[in-house]
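Chain naming follows the written order as A, B, C, D, E, F, G and H, and within any one chain the residues start at number 1.
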């Protein structure tokens, strides 16, 4: 068995690298994908490539639409979608991706902070696992693939 | 033509009533559905009916799962999902519903505040209309049904 | 909102009647369906209509296939599938119906006995609510439809 | 032609190994997958990775949800799902997997004991083949792939 | 419960009328649909409405395409598709409809002649019931709806 | 049998009214839907309701997105989509609707001008009927519903 | 581009070998699959592996069900289904496969005899190409892959 | 991540080669597919392989149907569909492909001329990016794959 895992959500800390490193250390057969994690590129890609916009709304619209090509492709190809909710920002795109993935029948793993437990109850109810550390996510993926605990 | 419209998101202001009233005044053939909007009932329904939980996580899980029966049914039956992002709370469930609805091919109308424009860019990019007042939502629905502008 | 509810599983006690009675007392807008609950008719329908079989396997096969026309139609039309696991028999058809319904994205409510908790853990994990009395099922349905607790 | 075959159900006897050995002896191009077959790991994976639970229900719920990531992935990727019903336990998860697989249009092969014939009639009616020995299952797979008998 | 039943296949004997009469006598809540059963109209509809063709192939193509609007609509709306194979003609359209209906997950009832048993084995294997008289078909439908045997 | 028919494409001549009148004269049980046929409203609906745009591209984008709520709803509900290609304009939206409808498995009837035959060959190849007058379209619908020729 | 092509229908002449040879001579990147073409094995596989049946109906049912595992797998994996109608037998399974494939959105190529033209009109109307020689089928596949005519 | 990209639409200029060259220069992992771009072959393939037709309509119908095998296969396999609208011809097939692709949930990139902006507003509203040069398309694909701006 192989797994395709999409790592959705927060892009300002190293949680992706931690999960990937722990899985690679175990030589697990997992292909990881992610959104564009360069905040500046992600915000400006639309206008950089397709032409400037005066109105911030359309500046953002062009970028979000272009980014969605990557995001939708990656979610559709994924077996498991890990969604990270971090400390900062409103992160509605993370929750949007979780809803999108759930409707497509993807397995969901949520990586969250304790103080967000109540606010994430609807997302958690749709998830197969709720974690508080990247290492727990890696252990979930390892168990799913190998059937062995630690 | 008739429309089924699900009114998702914020439950602390009267935006649903305003949209419904404006549509009813025009005698539009629309069936509106909504999540449970009694905050207390929505939070406690799981433990009230199915038995108490000591751990807040499972208290919330039971409630969110029970509420999801209503939410998923309503979204699946809807032609249009209106998602309201308000002032308070993190509202990840609203964004989750939007992602779920979008994956099912439902039309999305977002009702948002100006200060949330950048944070909602991914949701807006998936939407057919982005509004800032309930009256604009009602006008969209009226136009879609009647083909006439005011 | 209206609900279509399929009452799957055990056919030897009055649990269906109890749920229906409690919902009717509240005048809830629910259409209930059920498998054929006459055990003899359900077992013999195939050979009675389509001709006798000497081999018990084909006797049962004809009946099960004929019954599946009703069962699949009812599950496909349902918003919610309630699955009852009772005291007697192996009840693999109940679990089969639950898996079938879950794959189609139907909401599941399990009605089970305490001693079966561990054996039903995979079914329960797919369910939106796990009940131990018919009255709890009725209360779930009432809450989903009305948004009100008792 | 290649086949992906998921071997669902009973985890306490060597039926999986027997089928795989017989197919490997014929060098058939089949990829076999299975649930986690270490009973202890399967029961405790949830709490081991995600934290202990006092209540047995949630202990089991966490484990069953985590295991479902593997099970659903494997069934979705499978061309054929073989479901084994053995001597012990209630095995509702096996029947649940069979119903889930059937709804997704997967071919089903049931491996059962004679005394369960009547109890499995609904599952058998949905199956393409009903076997009583692992060798019969292997012969079915060999025939499907090679088009040759023995 | 209500049923939509499409009566596919042979158009030269009164089998449809017999099934409908027997079901109406029992006041069963069934909506029956059928292909165009006027052989001449069915053959010539394309050229009559859309213009003559010199080549018989295109004459037939225009008619078959026009008839397919009705056939596909009726099969998609049906819960049960009854397919009658009669004495005359090659009846490939009947088998084509059966395969089409089966792929859409519709229940199949085959009404056939004894001498066709071997030739219909693939169609029968996909069916929920195989009948040799219209009355058996009516009894199947009656049982599916009412749960009672004659 | 009833039919839902969506009348897509050209909005500057009376072809819709002609089809509807001919069908109503025969009291056919057909529900007709159409895009917004007021050219001005259709072009300006977005900016009228949701706010002005300086850039023509976004002016059009807002309108087209809002109109798509109606169009997609109507096509999804339709059994048959009639697509009219007229004399003027490029009519890419008509061809887009045809492709969208075809991918959803809807029956297509094309109403075209002789001089467009070669340019429409890909659309015609996906259609069940190709007509040159509104009356032919009405006759097709009448035949599909009643099974009778004139 | 690569193609998966399923060669359905008649198993008593060398049409499959002719198509494959002509495509291989051009080194086209096509994977061909076919049903079991050993008539005896195809008829008896069920009882040989799963146990004898006295009744010819169940003898055939077991075989047809087992063969359907291969057939459905191959059709689901195919881009193009070629269906051959030959001189002998009723060949309802060929038409059934064509209907099944068409409902799944597969491209159909029919290989038929002139005298069957009228009887195959419904199948032909669903096809992308109708051929009278294996060489025409090979030329169609070659053109689809290479975009070049002979 | 890899991408499958279908290049639909206009076949008389070198826009496909420009996009492919720019992507290959960056060694992007993209598989490009396209319709048959030899205008003569595309027009005449049907009659060349399957036999001449006197009527231009059937000449074109045979060709369009044969070409659709390639087109549908390529669109179904694609992650992104780029649709080019050029200077000449009516190009309804390009818009048809865009509608077909959109209904299947494919990402759309439109490559258009400024003077067509208003006429393409419905297609553009369904697109993730609207470009005016082949280089912009290549930059979009490069960003989607690499997450980096030039």
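Basically, contacts are C-beta pairs under 8 Å (C-beta built on N, C-alpha and C of every residue); 3 or more make two chains touch, one makes a residue touch a chain.
What you see is a predicted model; the values in this text were computed from it and never measured.
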B-F or A-B - the one linked by more C-beta pairs in contact: A-B
Relative to chain B, chain with the most remote C-alpha centre: G
Distance from the mean Cα position of chain H to that of chain E, given in whole angstrom: 40
Centroid distance [mean C-alpha coordinates] between chain G and chain E, Å: 24
Inter-chain centre distance, chain A versus chain G - centres from mean C-alpha coordinates, in Å: 44
Sites on chain H at which at least two other chains make contact: 65, 68, 130
In the complex, chain E residues that touch chain C: 1, 3, 79-80, 105, 107, 109, 127-131, 136, 139-140, 143-145, 147-150
Chain A residues within the chain H interface of the complex: 33, 35-38, 41, 44-46, 48-50, 62, 65-66, 68-70, 72-74, 76
Chain A residues within the chain B interface of the complex: 56-57, 60-61, 63-65, 67-68, 85, 89-104, 116-126, 130
